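Naming follows writing order (A, B, C, D, E and F), and every chain is counted from residue 1.
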Amino acid sequence: MRENTLKSAWLGGESTMGLWLTSTSPLMARRLAHSGADYVCVDMQHGTSDYTQALAMLMAMERAPAVPIVRVPWNEPGIIGRVLDAGAMGVIVPMVNTVAEAEAAVRACRYPPHGSRSNGPIIAADALGPDYATGADQQIVCIPMIETSEAVSNVGAIARVPGIDAFYVGPGDLSRSLGLVPDLEQMAPTFVAAARQIIDAAEANGIAAGIHSTPAMSAARIDFGFRMVTVTSDLQAAEMFARSSIEAVRSGDSGGGSASGY
Amino acid sequence: MRENTLKSAWLGGESTMGLWLTSTSPLMARRLAHSGADYVCVDMQHGTSDYTQALAMLMAMERAPAVPIVRVPWNEPGIIGRVLDAGAMGVIVPMVNTVAEAEAAVRACRYPPHGSRSNGPIIAADALGPDYATGADQQIVCIPMIETSEAVSNVGAIARVPGIDAFYVGPGDLSRSLGLVPDLEQMAPTFVAAARQIIDAAEANGIAAGIHSTPAMSAARIDFGFRMVTVTSDLQAAEMFARSSIEAVRSGDSGGGSASGY
Amino acid sequence: MRENTLKSAWLGGESTMGLWLTSTSPLMARRLAHSGADYVCVDMQHGTSDYTQALAMLMAMERAPAVPIVRVPWNEPGIIGRVLDAGAMGVIVPMVNTVAEAEAAVRACRYPPHGSRSNGPIIAADALGPDYATGADQQIVCIPMIETSEAVSNVGAIARVPGIDAFYVGPGDLSRSLGLVPDLEQMAPTFVAAARQIIDAAEANGIAAGIHSTPAMSAARIDFGFRMVTVTSDLQAAEMFARSSIEAVRSGDSGGGSASGY
Amino acid sequence: MRENTLKSAWLGGESTMGLWLTSTSPLMARRLAHSGADYVCVDMQHGTSDYTQALAMLMAMERAPAVPIVRVPWNEPGIIGRVLDAGAMGVIVPMVNTVAEAEAAVRACRYPPHGSRSNGPIIAADALGPDYATGADQQIVCIPMIETSEAVSNVGAIARVPGIDAFYVGPGDLSRSLGLVPDLEQMAPTFVAAARQIIDAAEANGIAAGIHSTPAMSAARIDFGFRMVTVTSDLQAAEMFARSSIEAVRSGDSGGGSASGY
Amino acid sequence: MRENTLKSAWLGGESTMGLWLTSTSPLMARRLAHSGADYVCVDMQHGTSDYTQALAMLMAMERAPAVPIVRVPWNEPGIIGRVLDAGAMGVIVPMVNTVAEAEAAVRACRYPPHGSRSNGPIIAADALGPDYATGADQQIVCIPMIETSEAVSNVGAIARVPGIDAFYVGPGDLSRSLGLVPDLEQMAPTFVAAARQIIDAAEANGIAAGIHSTPAMSAARIDFGFRMVTVTSDLQAAEMFARSSIEAVRSGDSGGGSASGY
Amino acid sequence: MRENTLKSAWLGGESTMGLWLTSTSPLMARRLAHSGADYVCVDMQHGTSDYTQALAMLMAMERAPAVPIVRVPWNEPGIIGRVLDAGAMGVIVPMVNTVAEAEAAVRACRYPPHGSRSNGPIIAADALGPDYATGADQQIVCIPMIETSEAVSNVGAIARVPGIDAFYVGPGDLSRSLGLVPDLEQMAPTFVAAARQIIDAAEANGIAAGIHSTPAMSAARIDFGFRMVTVTSDLQAAEMFARSSIEAVRSGDSGGGSASGY
């Protein structure tokens, strides 16, 4: 079975960077999965992919170097099982606030005896290897989101739930929960303190802490200790590049990007 | 009916810049149509949109400032009529090599007595105005591609075909036709000479010459006399921004882009 | 093979009425095909169905009493063959202006020796009967549109082309071609004269003349001699009923429609 | 952010009327949203829209005067968040029988501190305004369905749950729960008594009571005190208009509807 | 309403055989539903159908002799109601381990007073009969999966839950739960013992036990007492036939299958 | 660029066998492309794939050993270019009856100076190699169908058109054209004589003759001299295997097929 290089990087203490798919294009997914990222995440919660689009995007990314993962819309075992069956090598699970919710997320990701995931990886076996049934529990990563003050207050206990590989912080939701305005580049002291607590709990238990970020903020987030940092999304990347290219040409400069074959 | 600002810019002697949609995401289309471009083009020839996706993208761009146009897969009246009915304000028509082919393209774009387009603009009237049936022939732009040596040799006569608003050069195809390697940034002398001939024929007849370009090449193309320059595409923009952002973070720099709300 | 009751009605001198599908809903198609009409037409020209949607709608209408037909986007043998293979029992072919164009439309609808339709009716045989391959040429109707002044001037000769079952008038296009404003209820003298000419040519050759109409105009069109009259469309029907129902309730009246099960 | 005129009408004591989308056509959605209704509801429970279709329909209705809402398939926070992110200005939540279920529905609709909706309104911000993140809790309406005898027995307490804007009665389900045959025009005394109880509880707490209705029944429902009355659906409207138009023409009458441009 | 011949066969003590749909093709669904099977099951759990595809497949199978059923992704009332509304005549519900979970599955399948299914069978009434609302509870079959050791330990009590028509064993999951390697042809003694226990509990309560099987194993599974045996799937059938046909031709033999009309 | 093993086999004098895709499932496409065939063909003429489905299937087959080809709906350069851009390594072109039609097919498949295919292989380059632009003309196969008596009478001249790699016989159409009943296993003397003429013309010009066949007939077709033989289709294979498996189990035999992992 294909090795999950995201997991091995985390276990080796390395930081990883990723890209986000808000739209639903298999072509875009494949391009971004060849763009130097360690992972690419199909967003089924705030992005616009439903299962059908996620399947098509996962199939399009099968040969790419980035590890394909999915943010599911909710902590629900049906959809977690389906995206794993579709070939996702990890799931980000929103709004995990308690140990019980974390245990439920793990159960949905792992086959017995470590969980209660249902067997039937037809596409996953085609995509990731014929030994998927026996290898999956070692390679699939389970990534609960820590994004409320309740979750932060439970983060130590959640980090000790067996089968969790990383945390993922949603700055917008954690900001709201802390009474702050949603901001992907949030740096308010209460937010920073919560982030520190999350990272400390993660590292103390051998797991990585991750966060949704922006190009400008990613280096700082890594310096702060996050080891799974989403740098940009398909929509943001295309819009920012397009806007700056057009502005550069309008102002008489060269846009700076040269590319053939598009 | 909505005014076609692309046409009025051309008639006013201005240069315009555009973006290209190779993938099929309505969200992406809308974002790019709000990114400072004068036009956004759905590519049904070398892109992956079929009619259904083009319709969805055109509907998503209805409120955006950029003029929505479509490159149809071939010079065929059925598909030209359908994308205009779907709300496109212009069509780029591939491989127009002769006066007869140019006349056919115009006929497909114009209602009688100027052409033979069939009446029935249900979506277009919803999108562009209830007076579409009477206003369309003034606002819709017809843009044949000049991309072979045969077309270049006929370009003067083609430019005099009534109803043409602009030419569009495909550097890859024109390069091939001239015995050169396809290159979006082609600058070989034979190519440059052909480009000059196309621009001269266009300007002599009050129409604009356009070209598919890259961010780095667009300012030069405008300086050379092209007045409809496609600067980048969704796939290219996203990939280049993503790659450079990740490289910047890996090298310790800030990526440079800051954005909330994604 | 299923009998085409549209054809037998026409041969029996009867008038028929139909409904039009501008949107792409299989559910809607099925409901309208059970609403008392003699035929239901999927519009691939000015409606929004592409082949995929037409196939789904035709499959949804298989058990319904109305005869399913399709208006193809253009007089092109590829798409005519495909919609017939999908189970359409007739095609309306736009913009047939000459005998040669009429012969091409017939060839695309008929198997050798009467035409050059390609063999392979997989869905059609499932839908219409295992003897489709031998029965199709008797049951499929070929319906050219007569919608330009050129077509009107050729209508006698076109009516004598073997294999044509009916004409279909597009009032919008014929109006435009005659220098009139497009109007589904067109009654200008030149239009009426052309309509008379079309009907006369049709009846003289044992075929039916049809026209796109409105609820208010249909009785008059039938009285005038049209025997294939499209009364309304999915979008028009839903919008007019919804609007009048809401207005009736707002004004304190009962809306007049009672229905369970929706 | 766009004002929710449905909410302001209810707070002002007005009655509102709506339309229902059982099929999945964006074109139909847009037409009905311009047909004089106060709201249009995409039905993901008993209609045929899944998330992908709901998104396309919501995008198609963005410029229309009717307020776009969605009936979600079940009281589940994942899908409620996703349709709100897609631009729905309200959700109808099926089978809310207890205070706890009502509180769960509210939590899914409101950002902290009023609920636990997750932040990430990418499309909603494009569609409804850049200040969506701060304005949404004021503009989004949460509408639990009261459709079982259990719900009726709890209706007073449910009406006092903060964050509920209206109730919506499903006459079919409430009929069944009361031992009656499902009937959209149900007038059995036990049903009427339950309806009265629901309206009284609603009005006592400053919220509106709504009901699924028919054209014939809507005026009576409003007279009875319902202030959110769904008058008809896309399928019902199209079928009834088509059927009556064809019958009218068959009987020699004019159908009564005149329309151009379809 | 259409009679559920699967239910009547089970009540009559007969064994039934079925086919499985892992892919999403309506054509394939229809062909397999005419291939001699008693039932055909759309798999929304480990197959690739989402609601939209399941609806299209169910509509395509409406006229076929095999009873159309669906395996839903999870024991969740929203999706159970939706596939029943789409015309499924039964649902297979994964991972039913307790009496409470079995009761929840039944409630989702039955209208009051036997359950809490919500009323609104628009497509189902079109497909299965206008008396659907009153007939459904008699014709729809509810089939919990017994596929964990926990479920086996509760199987007697689960079998006594009113409203269950059959059990369905997933050999892969039951194998995993028993500490065995997943195997559709599992014959390990602990598995056989569990299978016996399941069959005994089923038969003692007048319900049928079913199992997912293979062509080679099906006769043995029936001999053992299973009365609902899935023999093969679309993907497996096509791949095995294609592979063996090609191998036969390569080796000089005739492939053995003769068919026209494809 | 990926080598076209179909072309090298033909040039080496070998026979090749293929599979046919009538339905539209990417999963099925991938499975069949791993089933021992030399090629797999997506059928856009009599199958149900439109461009969108063909693209998805081609993407799903990228890693598989079988060479992916497409039968386009008609001899039209727009669609030929689009499926090649989507990664097809060959096209089967229906109804090529004359040298001029054959030359048109070749032109659509080859870049200048050998043809007039338009440049822009975005997906093809991702799928088949970054040197696609220079390698394509060597690797893409162009396969006209010889399926009318007119074509047979021209077959010698057609075979000499540069750029043709193989002929493909449609037995149904050729039967019809010869006055025979359509039959995939046609063996009437006039058909056999025509087939001989086609093979002789092909071999005399160093190209392969192909034919649509059945499992039972394929060995005989190869013995007769066809070197590109389509053995079965997805629908036929699945239906025949399913039917025979069920019949075998009903009759008490084992079905004969054992497979895990489905």
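Rule of thumb we're sticking to: a residue touches a chain if its C-beta (ideal position, glycine included) is under 8 Å from a C-beta of that chain, and two chains touch if they have at least 3 such contacts.
Note that the coordinates shown come from a computational prediction; the quantities given were computed from them, not determined experimentally.
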Both-way neighbours, i.e. chains that touch chain D and touch chain A: B, E
Pair sharing more residue contacts (C-beta pairs) when C-F is set against A-F: C-F
From the options A-F, A-D or C-D, the pair that copies C-E, where over half of the contact pairs coincide: A-F
From chain D, the most remote chain by mean C-alpha position: F
Chain copies touching (chain B, chain F) - same or different residues, decided at half shared: different
Inter-chain centre distance, chain B versus chain C - centres from mean C-alpha coordinates, in Å: 35
Centroid spacing, where centroids are CA-atom means, of chain B and chain D in whole angstrom: 42
For chain D, residues contacting two or more additional chains: 22, 27, 31, 48, 50, 52, 76, 79, 122-123, 133, 182, 235, 261-262
Chain pairs that touch, as defined at the top of this document: A-B, A-D, A-E, A-F, B-C, B-D, B-F, C-D, C-E, C-F, D-E, E-F
In the complex with chain E, residue positions of chain C that touch it: 26-27, 30-31, 56, 59-60, 62-63, 122-123, 125-126, 133, 261-262
Chain C contact footprint on chain D (complex, rising order): 17, 19-20, 22-25, 27-28, 31-32, 34-37, 48, 182-185, 214-220, 222, 229, 231-243, 245-250, 252-262
In the complex with chain B, residue positions of chain F that touch it: 50-52, 55, 76-79, 81-82, 85-86, 111-113, 116, 118-123, 133-134
Interfacial residue positions of chain B with respect to chain F in the complex: 22, 45-48, 50, 52-53, 73-74, 76, 79, 94-95, 147-148, 170, 172-173, 175-177, 179, 181-182, 235
